[in-house]
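Shared chain: chain A. Partners: chain B in the first complex, chain C in the second.
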Partner chain A sequence: MNTYTVALAGNPNTGKSTLFNSLTGMRQHTGNWAGKTVLTAEGDCVRGGTRFRLVDLPGTYSLYSNSADEEAARDYIIFENPDCAIVVLDATSLERNLNLALQVLEMTSRVVVCINLIDEAEKLGIRIDLQTFRQRLGVPVVAISARHNRGVDALMELVEQVASGQLAPHPTVLTYGDEIEHKIGELEPLVRSALGTRYPTRWVALRLLDGDEGLLASLKKRLHDRAMPQSGKEGEIRYERTACH
Partner chain B sequence: MSNKEVALSEAETGSRLVLSRIEVDGGMRRRLLDLGFVPGNEVEVIQRSPLGDPTAFRVSNTTIALRREESSRIFGEPEGEELA
Partner chain C sequence: MSAPHATNTPDPLDSLLAQAQRLASGTTVRDRIVGDIYRSSRAICKAAVRYEDKRKLASTHKLDRILTSKLWGFPIMLAVLGVIFWITIAGANVPSSLLADFFGVIESYLTAGFEAVHAPAWLHGVLVLGFFRGTGWVISVMLPPMAIFFPVFALLENFGYLPRVAFNMDRLFKKSGGHGKQALTMSMGFGCNAAAILSTRIIESPRERMLAILTNNFVPCNGRWPTLILLSSLFMAAGVASGLQTLATALVVMGFVLFGIVVTLTVSWLLSKTALRGVPTHYTLELPPYRRPQIWKTILLSSRDKSWNVLKRAVIVAAPAGILTWILGNIYISGDSVLQHMAAIFEPFAHAIGLDGYIIMAFLLGLPANEIVLPILLMGYMASGAMVDADGLGNIKELFLDHGWTWLTALNMMLFSLLHYPCGTTLFNIYKETKSAKWTFLSAVIPLAIAIGVTFITAQAARALGWV
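Moving on to the complex of A and B:
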């Protein structure tokens, strides 16, 4: 049976664990306050002859502030390279939520954007133009209600298509003005020769320009572990459970 | 033009401001931007704690508490004062 790894990323309180639980039948903690998921939970679900290994990441507003939970989410997406990342957004708070969505789209093209809490948005009279959303982001977008199990089949269908490579999204590339673009252009070949094409080159160049010491440390550690596989069992890197605060 | 600009730490409870400047650097700046403290965005002063610090602000639909250390370096223009 095909097994795909699928990460759930998103702001705190957007319903990631609710979706995770409804898909896996597990009981990851959910509740109406921020930051409940401090451990990264994994669980399997089988749908139509395909197994999905779901990874419930801690909720964060960003992946760049170098707190423990943000680093855990970032490292998972970059180093564990899931077959698909679901970015879970709160339909009632899209402006805030899109910050993280855009960050994930810069890291990987294997993304499905999932607008959750659509039932709440409807109650508030919020209407979401999914077609415009898809066009502007360049990736599949679905609206769901994890709590009421609405739209989840359509979501998982898209996840399977992206994970299998049947669907290859082209996320819209954000540009940063001439000066920064010029520097990215200078850095990219260096990044490629140091790291190969394992990691998203443009994104790594951007993080270096931003002076992201945390990422640099993570990268160095991975490269070191790779160079010296006998120094521990990290040749095959398992994602450790990570606590925060 | 920005003569009405005030620091969030000095803004009145219950007032709304449109952010104009974030004079904080490094990781904290990043954090504030990620939380929605972005120039042009609207912030409401919700409530000061009994000792005056921290203060709760509402930004992009979420309540966030900031200490004076940060809120004194974030500036905005109070709304609804055109006639004052």
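Moving on to the complex of A and C:
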């Protein structure tokens, strides 16, 4: 049986954990109070001959390393390299929630955007044009109601397609202002020559411009750990998997 | 031969970082990155989301437009605060004196009972004049304001107003180098500083969290509200026409709260420029939709969880303190009681900052809990010879005046109470949270230095100008 790792990312209070629970059947606490020790809950879910190992990342508003929660979520996506990441959005406040989705899309292309609480949005008269979302984001977008188990099958189908590589999304590259773009352009080749393409170079460049030294420390540690055992291969870092296609 | 590359791997990363720092220097990269991401989100949503009925969404937004507006945000906040104080003070007056009368009557029965069985005078002193009177004071002075303040505050909290307060204050805190969420932990401090220290966990950056911890003490907790409220109503509103006295008292208390906030911001700013240098981090503050609070449930829960617990704690600590104070006040060494001797030691220092030796002692003995500072002071005064029959609120003022109080004493006692070191529980929590003896020590010493400095200045200035 194929097993895929799937990360669940999303803002707090988006029903992310509700989805996680309904998929894995695991009973667990779903509140979100910052300061709680960062725990990433894991659970298995078998659908149509495929096993998904679901990882419930801490609910965060962004993936800059502001807090232990954000760092944990970010590190998981970047370093653990899940086969697919589901970004759960609250349909009733998409504008705010979308920020996180855009940040995840900068890190990996294997993403399915999942608009949850669609029933509440409908009640409030919010009409969401999924097709436009798909075009603008460049990744699969699906609307669900985790509470009522609506759309979850369609979601998992897409997740399987993305995880297996059957579907290779091409996220729209988010462009910044000229000045930042210019700086990214200057830095990205340097990132590539220092790190190769194991990590999304544009994203790393952006994080470095932002002064994210914590990320560099993590990168350093991982490079060092990996470089040591294979020290026989001079002048080459072996890339096991690429995060960015 | 070991590979040079393996050991050298970190080096290109260092130069990469240096390069990035060079590129990023002098610009607010983060603000632009965040701004651009938000712009993209907005653009996408504009294209893909349609609102059929804006009115359904509008109520929260409409309210927020007023409550968090640049123009109205602060005036509304102040007004809300003022109204809460006014309700508390106006509502607490009558039940407070009723309770005090009630305890006075019980006390006279107890005294009669002790006399009837020919109990020794010291036993009557310890149990009735020390223990019973002490706890009776705590209850009648503290229970009514708490019973009103906490439920009202809890209603406001459940309505969803506090995140809006944080939103309004965010700019100020950011300017002072702190974190916007410090406004939330500060609001928590109005209830209990010890709990607020735990709540600083919501602040992610250790630097900003430390700022929030170190400055939390500058907002009055429920242990200090009674002191502020009582002294304001006794001394500060005295010159005002009787109909407006409650209002004047509320304004004075509000003034103290604002002063506390100013000190919070100033100290945050100073620390962030010196010991805790750094740039405030970004965060997203979710403004949850307003909710109609479950009124009775809120009132009952806050009475049970807050008023009752605070009172219990005060009584548990005040009861032995009452006994101790009575004993100290009634053991005489060469003509004066031990209490008087102790107070005399602090007198010169206390005088310099506009207080007296008893007040300093009350603050020292009150370290375990701010709730007991005022009761200890009252008991100290009552035990120190002049036995006043203090069974009504008006008599407290007499008691203070008999001990040479002026408006300056009251003002400086309030200032000292507002600014001085956090209570023992809070310090313990600070140690648990920071795991650092140094920062715990500083969190007591910084406020203490400020308290002494401020009261010294007011005392010296008032005396130099001949106001007292």
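Everything that follows uses one rule, which is that the second predicted complex is superposed on the first by the 218 of 245 C-alpha atoms of A that agree within 3 Å, B and C clash if a C-alpha of one lies under 4 Å from a C-alpha of the other, contacts with A are read in each partner's own complex, and residues count from 1 in each chain.
Here is the rule we go by: a residue touches a chain if its C-beta (ideal position, glycine included) is under 8 Å from a C-beta of that chain, and two chains touch if they have at least 3 such contacts.
Every value quoted in this text rests on a predicted model; they were computed, and no experiment measured them.
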Touching A:Glu95, do we find chain B (first), chain C (second), both, or neither? both
Residue contacts on chain A - larger count, chain B or chain C: C
Between chain B and chain C, whom does A:Ser62 touch in the aligned arrangement: first, second, both, or neither? both
With both complexes overlaid on chain A, does A:Leu209 touch chain B (first), chain C (second), both or neither? second
Does chain B (first) or chain C (second) touch A:Tyr176, or do both, or does neither? second
Pick out the shared contact residues on chain A: the ones touching chain B in one complex and chain C in the other. 61-62, 64, 66, 95-96, 99
Chain B-facing residues of chain A, complex: 61-62, 64-66, 92-93, 95-96, 99
Touching chain A in the complex: which residues of chain B? 27, 30-31, 34-36, 60-62
Give the list of chain C residues in touch with chain A in this complex. 2-6, 9-10, 12-13, 15-17, 19-21, 23-24, 27, 29-30, 32-34, 36-38, 40-42, 44-45, 47-53, 56-57, 201-202, 204-205, 281-284, 286
Residue ranges of chain A touching chain C (in the complex, touch as defined): 11-13, 33-35, 61-62, 64, 66-70, 94-96, 98-99, 102-103, 124-130, 132-133, 136-137, 174-177, 179-180, 183, 186-187, 190-191, 193-195, 205-206, 208-211, 213, 216, 219-220, 223-224, 227-228, 230-237
